[in-house]
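Note that subunit A is present in both complexes that follow, paired respectively with subunit B and with subunit C.
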Partner chain A sequence: MLDVDERTPPLIVHHGEGFSLQQFPLGTRVVYPPDSLPGLPDVTAAIDAALDEPIDSPPLDELLFADMRLAIVFDDLSIPLPPMRAPDIRQRVVEAVIERAAQAGVDDVHLIAANSLHRRMTPDELQHILGERVFRSFWPERLRNHDAEDPDDLVVLGETGHGEVVEINRTAAEADLLVYVNVNLIAMNGGDKSVPVGLASYRSLRHHHNVHTMLHSRSFNDPPRSAMHHSYDRMGDVVADTVRLFQIETTVNNETFPPQFDFLNTREWEWSYRQQGAYLAAKRANELAPAKVRRKVWQAVEAPYEVTSVNAGEVNAVHERTLANVHRQQLTEIDGQADILVFGLPYLCPYNVNSVMNPILVSCLGLGYYFNMYKNRPVVREGGVLIAFHPVPWEFHQVHHPSYVDFFDEVLAETTDPAAIEAKFEQAYATDPWYVHLYRTSYAYHGVHPFYMWYWGAHALDHLDDVIFVGANRKSVRRMGFRSASTFNDALEMASDSVGRSPRITYMHTPPLTMAEVR
Partner chain B sequence: MVLSLELYRSRSRYVAAQATQRISGSLTAPLAPLRLADRAAPTPPNPAAWARLRPRLSGICGSDLATLSGKSSRYLSGAVSFPFVPGHEIVADTLDDLDGIPARTRVVVDPVLSCRPRGLDPCDACSIGRTSRCDHITVGHLAPGLQTGYCADTGGGWSRELIAHRDQLRIVPDHISDEAAVLVEPLACAVHAVRRAAVLPGQSVLIVGAGTVGLLVLAALRELTQAGDVTVVAKHRRQRELAWQLGASEVVAPDRAITAVRRATRAHLLRPDHSPEALLGGLDQALDCAGSAGALDLALRSVRAGGRVTLAAMPAGRTDLAPAWFRELEVVGAYATSRNGTLAPGEADDFDTAISMVAGDLGPLIGGLISAVYPLDCWREALDHALEAGRLGAFKIAFDPGAEQRRTGPEAVPEQTADAPAPPVPLTSTGRDNQ
Partner chain C sequence: MGAGRDIALLARRWRWARRSLLPHSAIPHAPPAQPREFPTEWARTPAGQVARAGVQQGGLKPVLWTQTRPEVYGREHLDGLEAPAIFVANHSSHLDAPLVLCSLPPGWARQVAVGAAADYFFDARWRASLTALAFNAFPVERRGGTRVTGTAKRLLGEGWSLLLFPEGTRSSDGWMQDFRSGPARLCCGGGVPAVPVALRGTYRAMPRGRHWPGPGRPRVVVRFGRPLRPEQGERPSAFSERLTEGIARLWDEEETTWWEAQRRDRAELLAGTAGPDAPRWRRTWESTRPDRATTTGPFRTWPE
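Moving on to the complex of A and B:
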């Protein structure tokens, strides 16, 4: 943490597929991510130890037997971000599980990506996560994406006490053993979110992916105070009653950017001469590069993450340890709330890997994910202002985000109120046969997905008095009901309408990720 | 002699007007083969059945503009005779007594020059009242011409005098304003188009285009049918506003139309190579009210298999008819108006229906579509305005051929030629006494 004074240099601010150095007003509180934790010295040994000595569960070897059906389910490409430099931790865990299954004589093995209503992953993307050996052995018959619209491969496991229908992937649910392999990037992930969400159908997801739940999840990165997680937990109990589940969770450190961009992982005043040169060179090259090249370069970034923990066994017990490791890496205590919260939004969020960060995703990243990176209280006070840096281009990936295009043009043109949107439009988009067709056969996010992304920001919309984007496409920003400013100073001037002339400003210097525990 | 705007045959001017049409209306109007000239007054072939008319207002129709700018189909060139005076949307005073219509009666003109005006025995179509399908538009005692306003012998509305057959005239009730009355003819065409479309109760309809034709079709659709959802494709803000007022269920921009229809009908999308998107599924009916290749293309791509596309505006340009073949669409023409042939017993014909609509609650709204009125000597400005109407928030532009004459007195009107046009005068309102 840093309070800006006369000696503080300009600070790095992400701005979509770009970045810049920005001078902050004196007294601005800057929240840096904690230093990156050292990775495990021997990941293979850590995986073996987790499988041999799981928490509240028999060792994996004891759960494997010949002639059984084994389902190995893994998190999709939405985490970690940026994608992990090969070998991905999921590959290492899956290989270990498959090896043990082979030793136990298990032939009937199915690998399923828990992509829920996300787009299907391409063969190349699956291969990046699982490695060439696993991919070649299982693709395509025994390795596939979950299809939330395949009536033949869904099964209702039951209902929670709150009447929530738990409908998940049949192949996974009816296997003799379901092994879930997770990467837990933020506190929202993992635990009972894995199976009840990653393998669910719309029918099941709508119980927690809705405006009411989002408004009562404060934050959704703080599971005990998250209505969304309460619902996951209830559904997890139903899963636990009917499915033999062995959960494997992993965490990574904060080594987000590769060496050529390592100045983004470092505090500005600690930059070496090499990093200063790298900043100048990268910034200049980024500015000169044609848009397509720039996007290609950024999307090709792979994070040199190191693994900080591997735990296996019973879901809740495992997840408790996982959360502790996530907090160990990301949690920063801060005193008091700010009047203005500032973010630099980067080029990537969970839903535009190898794709385009459209305006709805920008909103989701800022008002959803980043705003909710807190425990106890939001970083910014109620009635405060969020200032975000991002160009917010009016641009969509036509293959990945077809319903987003219509949502932006049709729905947001009428209203930006999440509850009104949910009531009037959600059902039609969620059941639109064309979107269903594209989700199942192309590489499109489900028709309802943009709604969820908009709901993700419901808590922030309810909490904030104003949202201002700096350096953004004014038309895109206006369509979403926000305001735009040409410069940071203009944004501060505009924010003074809500918070006065001497606001307390907090700049969350992220990514790498950090989560604030606000006292 | 009668001061008239005369369209003459000039290939070079057609080419020039066509070439500049995409650039600006202000270039097109002066280049069009049109001149303001004194012509000999048209002579009634049979004074007992014909009357001279003095136009009060005469509208500028999209088909007039297409003709001036060389955009209209060459197919129609055989059905006109040069030089002719355009103008077929006319409210006028009669100057001669006719059977049942004394002189100085305010009338509107059904412009179709069918068998009776031509002094011929009725053809098969005319004998059942389907005058718009007349086979004799090039013969008889008149020069060829599908309508008044395209015939060298009758004159047209863009002049101070024309002639019309008794059969073409309909008396305008006193309480209807000139502005509303001049829209009776396009409204009657809209009524005809809606009747040709034969929309069933509850059917969903797409109206492509929200200029005067599109809005009048929308009004007729809501008045005469029990259509379900009606989606209107409108390019400009004022068009969108009026479409909502006239009962559209949804109003969309052209570039959003296919997507919006797809969303509303839950259709599947067809994405051909190097060709616009189309729907598998879609609306029950579409009416092309713009007449452009793009509009018809959109209509064809937006209706469900077995649906119907009605051509309510004069088509221009080339359109890919593959959707009509592939989706087994009915493509229905709707030209001008009909006296009978499709009417239920006791049902008023297209013109009388239009007059009834204008005489009712819709009158003020329809009359409000007249956005500007010009004297004949400001014809370049008038055509410029009409060519850019949508962009300027305007709908129907009309001529008031007698304006200059009333202002200066009949004897003082100077002789005009195309080479010495009158200086521009401010736009005039026609808020006059209807008597």
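Moving on to the complex of A and C:
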């Protein structure tokens, strides 16, 4: 953490597919991500150790037998971000599991991407996650995306004590063993979120992906204080009663950007001359590049993440260790809340990998993911202001986000209130046959997905007095009910209406990711 | 923002070719700087020596002797002394090293290497090169580490004499600070004689924060003392105390007379160099009191 003083150079601020140096007012508190942890020296050995000595579970080899049906389920491309440089950790874990299954004589193996209501992954994307060997062996008969709208491949496992229906993928649920392979990028992921969410249908998801739950998840990155996770846990209990589950969870460090962009991983005052030169060159090239080339370059960025932990066994016991590792990498303690919280929003969120970051996803990243990167209390006080840097272009990927286009044009034009939107529009979008058709046969996110993205920001909308985007498309920002400013100083001036002339400002210097523990 | 403005911004805020500054709140978290050895052997080659003689005699000395009024005493103590030796001086100004070097007899000046703070003089390549050439300087790690005395030992072994400032940094108020034991350890370890050198008036002439001597050709005094030799089995701490006392005696000569300085006991001598036990402003006030007797022109309490 840093307090900006007269010696502090301008700080890097992301704004979509770009970045720049921004001077912050003296006294601004800057929350930096902790230094990247060293990776495991021998990942293969760590995977083997996790499979041979799992937590609260027999070793994997004892759970495998000939004539069984084995389902291997893995997280989809929404994590980690940016996508991990090959080999992805899921590939290494899945290969280890398959190797053992082969030795045990298991023939009936199914690999299922836990993409829930996300878009299907393309063959190339699957191959990137699982590697060429797995892809060549199983695609397309035994390697596929989960289809949350396939009535023949869904099964209701039961109901929780709160009346929540648990409906998940039938192939996975009815297998003799379900092995879940996870990458845990933030504290929200993993644990009972893996199977009950990743393999669920809309019928099941609506119990926790709703406005009420989001308003009572403070934050959704702090599972003990997250109503959403309480619901996951209840569903997880139902799953545990009916499915033989072996959970494998992994964590990665904070090496988010490749070496040519390592200035983005480094605190500004520590920049070497080489890193300053890299900044100049990258910024200039980025500004001069045509929009298509720029997007292609950014989307091609692969993170040189290193694996910091591999744990396997019973879901909750494994996840406890996983969370400790996530916190070890990301948690920063800070004192007191700010009046103004500042973010630089980058080019990528979980739902626009190889795609376009449309305005709703920008809102979701800022007001949903980034705002909720806290424990105990929000970084900004109630009635405070969020200032975010992003161009917020009025731009949509027509294949990936068809229902987003209509949500933006039709729903947000009428109201931006999450509860009103949920009550009036959600059902129609969720069951629209055209959106269902696109979700199942094309590469479209489910019709209800933009609603969830809007709900993701419900807590922030309820908590904040004002949201100001710097350097943004005024029309798209206004459509979402926010305000736009040309410069950071203008934004501070506008914020003074809510927080006065001498606000306490906190800049969350991310990515790489950091989570604030606010005392 | 255009590329030119970006470059200008980086040059200004990242202090290109200047010492980089850590934000205050980042200082406690900064990793300790790794000791790094800037190569200085080239400055001691024959070509380097010729160039240095030109810089010192053609540049430094004329400037020093015109901008200040140096008085040098005790050079006769160097007669008969064989190199290598370690010149140990108090330190309160950037004038100190060039003043001592230019005050030494030519035969000695050519063979003296100066220990300079690695983190200050050797942090930028251009500054390190200039320092090495002009002063025959070598980097000294002030914060300790394995290379604190390594280079110094090697230079002594090669026959170079050294000029060291055992306070480790310039005095912030003009009075003498405690000595570190490095120079004494070098003397005791190698049986090398030490020459105490007292520098007076340099703080008044050019204290911290000034980059040029003050107006009026301020008087500065260099007093070389009788060489001190470590005795058989003498501990560095004891030799360091003798060194301190030797400089304190020379310091006192400036205030009193040679005879009175000889008669004073150690406590009185040290009290004289440590300055008044008073707030910092008063210590600075005393150190900067104008030298009424020798400052040229009419005396003014308040400079114009």
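One rule holds in what follows: the second predicted complex is superposed on the first by the 519 of 519 C-alpha atoms of A that agree within 3 Å, B and C clash if a C-alpha of one lies under 4 Å from a C-alpha of the other, contacts with A are read in each partner's own complex, and residues count from 1 in each chain.
FYI, contacts are C-beta pairs under 8 Å (C-beta built on N, C-alpha and C of every residue); 3 or more make two chains touch, one makes a residue touch a chain.
Note that this is a predicted model, so its numbers are computed, not measured.
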| item | value |
| --- | --- |
| Subunit C versus subunit B on the shared subunit A, clash or fit after superposition | fit |
| Spatial angle subunit C-subunit A-subunit B, Cα centroids [nearest 10 degrees] | 120 |
| First, second, both or neither for A:Asp56, with subunit B first and subunit C second | neither |
| Which superposed partner A:Val405 touches (first subunit B, second subunit C, both, neither) | first |
| First, second, both or neither for A:Trp434, with subunit B first and subunit C second | first |
| Subunit B versus subunit C as contact partner of A:Glu414, first or second or both or neither | neither |
| Partner contacting more residues of subunit A (subunit B vs subunit C) | C |
| Subunit B versus subunit C as contact partner of A:Asp241, first or second or both or neither | neither |
| Partner chain in contact with A:Ser20 - subunit B first, subunit C second, else both or neither | second |
| Subunit B versus subunit C as contact partner of A:Asp462, first or second or both or neither | neither |
| Lowest C-alpha to C-alpha distance for subunit C against subunit B (Å) | 37 |
| Touch list for subunit B against partner subunit A, complex | 256, 259-260, 262-263, 266-269 |
| Interfacial residue positions of subunit C with respect to subunit A in the complex | 1, 3, 6-7, 9-10, 13-14, 16, 20-26 |
| Subunit C-facing residues of subunit A, complex | 1-5, 7-10, 20-21, 267, 269, 271, 273, 276, 279-280, 283-284 |
| Subunit B contact footprint on subunit A (complex, rising order) | 405-406, 409-410, 428, 432-434, 437 |
